[in-house]
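Please see the structure below; I have some questions.
The chains carry the letters A, B, C and D, assigned in the order they are written, with residues numbered from 1 in each.
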Amino acid sequence: MTTDETNGEAVEETPPDTFEGTLWPDVNRALSAVDVRPERGALDLIVHLPRKDVIRGLGMLKHDDELHFDYLRSLTAVDNEDEGVDVVYHLYSVSKNHNLTVKTTLANEDKVLETATTVWQAANWLEREVAEMFGVTFNGHPDPRPLLMPEDVDLSDVHPLLKSHPFAEIDVLQGEGLGHDRDAPGDV
Amino acid sequence: MSTEIFGIENVNVWVDGLIRVLLIVGFMTVVVMGLIYGERKILARFQQRLGPTRTGPMGLLQSVADALKLVGKEDLRPRNADPWTFELAPYLVFVPVFLGFVIVPFVLDWQIRILELGLLYFVAITGVNIVGWIMAGWGSDNRYAMIGGMRAAAQGISYELPLVLALVSVAMVVEVPLADGEVARGSLNLNEIVASQHEVPNIVWQPLVVVVFFIAGLAELNRTPFDIPVGESEVVGGPFVEYSGIRWSMFFLAEYAALLIMSLLFAAVFLGGWAWPAGIFTDEDWPRWAQALLVAGKASIFVFMVFWVRASVPRLRIDQLMGFSWKILLPLMLAQVMVNGLVLVYDWPEIILTVVGLIGIVALFAMVDRAVRQPRQRPASAAQLQSEAV
Amino acid sequence: MVVEAPSEFETQDLLINVGPQHPSTHGVFRMVLEIDGEVVKDLVPYIGYLHRGAEKLCENNDFRQGIGYMDRTEYLAAHNAELSYVMAVEALGEIEVPERAQWIRMILCELNRISSHFMFLGAFGIDVGVFGTPFIYAWRERETIIDLFEEISGDRMMYAYFRAGGLAWEVPANFENRVREVLASAQQGVKDFDGLLTENEIFIARTKGVGFISAEDAIEMGMSGPTIRASGVPLDIRKTEPYLFYDQLDFEPITANGGDVFDRYIVRLQEISQSIDLIGQCLERLQPGPITPERMPRMLRLPEGEAYIRTEAPRGEYGVYMVSKGGNKPHRLKVRSACLSNLQALKQMSVGQYVADAIIILGSIDIVLSEVDR
Amino acid sequence: MKGILKSMMVTASTFARKPVTREYPESHRELPERDRAFPLLLWDEDINEPFCTGCHACERACPVECMTVIMKDNPNHTAHDGPSKRRKIIDSFYIDYGRCMRCNICVEVCNFEAIAMNNTWQGHETSVYDRSDLVMDLPQLLAESKAGEIQEWVAE
């Protein structure tokens, strides 16, 4: 597989992992005011930030002239059932050509987070989608309408991408019930 | 009150008029159906396609099939459309075009009436169908139709002027032999215009006017570089978006009938109609069928050019369309008319007309290139809107 | 010097509804335009009409079944969509892909880029107003490419041909000269379009300077693909973060610095020629060999972990963020859609322009609604 | 105007080229051998029974769950002195062509080579008036193979 562009060979897992070769030293310096927990992802470095100062951290990452993460690649969320919902920001720097993933965990009871549109405008629609799919409310979002779900029906408590949301039952069109008679029960 | 028609003496004038009108109606419908089929076949060939092949041998009955389908379809009217304007709009578009056939000089004396002010009559009549477009757009209570109607009005009016000036500058220069051997200049009677071209067609004297007439003609017919009122990708069919069935087919028929008139007029006024090559070989006129073939050939050149442009040129935007007519076509035409006037008054040699015409064409192309290279002027309110939006 | 019209008579703005059923919204996209005369004052886009919950479905399907859903999220360039999904699975499972399979994947992805760009040229030609001629030219070229895809994978648009670890089966024997035939006809197609539209005065007048977006705004909006390269940002993932064997090919990302609709058209047209040249280079390096690793488990189970893989699809960065908690199904699968981010800037580009401009600006972003709505 | 004339020359050159359209119902394009229309079951001519033993492998592997398989004991199995070695045989098999996404996974997982993708035009021309007619039962699935029109393409 292609190796990470900043380091030569893959570093084997020595406890504790010093992450040398990845962006961790610069990120640690940039985010010194915030307690940060690094982790090694498949391709990029992953950094965990606490909920209350995520936006501050993202702002620092963007305006730090060493890292200069001016491009929000993607913003999404992962539902870990009981450990809460992780909101994931994938960042990229066009000028420096390096990547970083910032994650923060929201407890299931109060899934509230500051909006990232103040940092990047790209986050606008991405946050609207995460809001309607995972039930996360982004304070201060300029346009909190649902993005993909219909507006005319009130689906404010329906969040399809949560694990708790069931899969729709496929109405069985086959089997004994059908074959060729018209008024089969499962007929749609 | 009686005239002779096809050798039958003292036929009542009205009956004669009626017979000619019915003849023209029959001829027009058949030719229009042929035009529709021809357009689809030729456009298909321009796009490496086959065109209609299913209905009848080689798809020849395609127009008949379309007509039957359209007659069979229910022509609905939107509930809150204004009944009178909606119903009358097709007639106000179709009838003027049909009336235009009165003065079209098909062959020597095969036209409905020879009018002394033939050209003036033609220009006045084609001005009326703009009212029909606006009625269709406004009456069908549909926003797209309303926008299409307004665009049709703006385009129709602003391209009426270059068209009229083009016909005027030709009519000024026409030589009409008077009874006492003298030669008078200028006539609006189409037969005289055609007769005067037996040696040299007008295209030689007025090349710039031919180009401007072709462009303004495209705009009057709402054909491709100027099909803005009907632009499918923007206003989805324009004024007749709410029409269906027989009403829609009247609009469609009117469009192709107007194309037919414009091409016959082009052949008559610029390429010499039934007179041009005949005058060179013999003094008296050719037999009728030869003249008919001659006119048909010349008209089909115009029609083929229209189809060819339709297959290869994108659509203008409304502000470019207006700018093109008012800032480029109109000044050129005024200059042309002024030059014609000078030539007539001071009796300069005729060749000056051709030279000026060619210079005019070069000026037209240069003006278009300069306009295209110009940095785009944003609409006046653009900057302030843009800042608000971000 | 533009004279501001005296506005003592207060005209009422008109709200028109463009879409979701409209000839030039390239699918089920709806935008409500507030227009004053012909000038667009405000634009509110509505998406979600084609939302089928592909991400939720993929959570219920294992790593081979999910490939079919990826085709359907990007139906104009299904190979590029499958590539990201399959590379995410390989990244998580540390699966080695044989060289021949990677070269064939690159050839098919570039061919798919050519057919997708031709689709753009055809649809854009109709938006600008030429009656069908560019569309039929584009269809003629696209058919030859899609016939080749049908000979390889058996399907015209929904290939399901890539598998974790390589390809589903070997390409047909006459693969190489069939590809060369298709490239020759694509070359002819590019020449036709260049002659038909590029220097056409009316086309230039209609598209130059329309729908401008600056480089900074494009980066701020997270745009990608030809739309951002037309604003001068050389962001091409094949060059900035090479995957497969793109680092062995020599090419430069095609950029233009006008940032308007005309430059987006030119960038895509030149990218077709670039892809034709890239495929030529790939064909030289193609050697016979295996197309799947020796031992592949029948039921693939991935270890815990997450990977965000991004590849350069025709419309921009097509990213797949896959989280796996062990087991044969992804715990979470996020598809990063290029068109969604490009579409966010539509309002900023179109306000202040004419209605006719708003339509071709939408066309110039080259959106595929199934990728926007997933 | 030079550009407009140039584009008219391009359309003129296309005017001279041979049209590329093909008149579909009359002339069919020759389909490649690995064409994937819809799955169908194969018929074993020499012992006159379907290959399929109803083992549910394809039913489980199908992403869109469009198959229903019911198995039964094979009447002409060698135990009842019939020619066939198959102990179980398919009793009824439904594929809902309306749901099938033609992803070829069923053909890959089948370990009896009993199901194949239809690569004939008849497989493509399956338009019906009612969605429930798209549900193909066993006789319909076996019909083409019984008539011997299917040369199954096997990925080596």
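We adopt the following convention: a residue touches a chain if its C-beta (ideal position, glycine included) is under 8 Å from a C-beta of that chain, and two chains touch if they have at least 3 such contacts.
On a predicted model such as this, the values are computed, not experimentally measured, just so you know.
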item: Where chain B and chain C overlap in contact partners, by chain label; value: D
item: Maximum inter-chain contact count - chain pair; value: B-C
item: Geometric centre distance via CA averages, chain B-chain A, whole Å; value: 62
item: Geometric centre distance via CA averages, chain D-chain C, whole Å; value: 30
item: Centre-to-centre distance between chain D and chain B (centres being mean Cα positions), rounded to whole Å; value: 56
item: Cα-centroid distance, chain A relative to chain D, in whole angstrom; value: 41
item: Residue list for chain D, restricted to those that touch at least two other chains; value: 1-2, 4, 7, 10-11, 14, 20
item: Overlap residues in chain C, where contacts from two or more other chains coincide; value: 133, 137, 140, 196-197, 200-204
item: Multi-partner residues of chain A (each touching 2 or more other chains); value: none
item: Residue ranges of chain C in contact with chain B within the complex; value: 2-5, 14-17, 22-24, 36, 38-42, 125-133, 136-137, 140, 196-197, 200-206, 208-210, 347-348, 351-357, 359
item: Residue numbers on chain C that touch chain A, as the complex places them; value: 47-48, 51, 53, 55-56, 60, 90-92, 94, 96, 219-222, 233, 235, 240-243, 247, 305-310, 317, 319, 321, 323, 331-332, 334, 336, 340-341, 343-344, 373-374
item: Interface residues, chain A side, partner chain C - complex; value: 1-2, 5, 41-44, 46, 70-74, 76, 78-79, 88, 90, 94, 97, 99, 101, 120-122, 124-126, 146-150, 160-161, 165, 167
item: Parts of chain B lying in touch with chain C, wherever the complex brings them together; value: 43, 46-49, 143-144, 146-147, 224-225, 227-228, 231-236, 310-320, 368-369, 371-372, 375-383, 385-386, 388-390
item: In the complex, chain D residues that touch chain B; value: 1-2, 4, 7-8, 10-12, 14-15, 17-21, 23
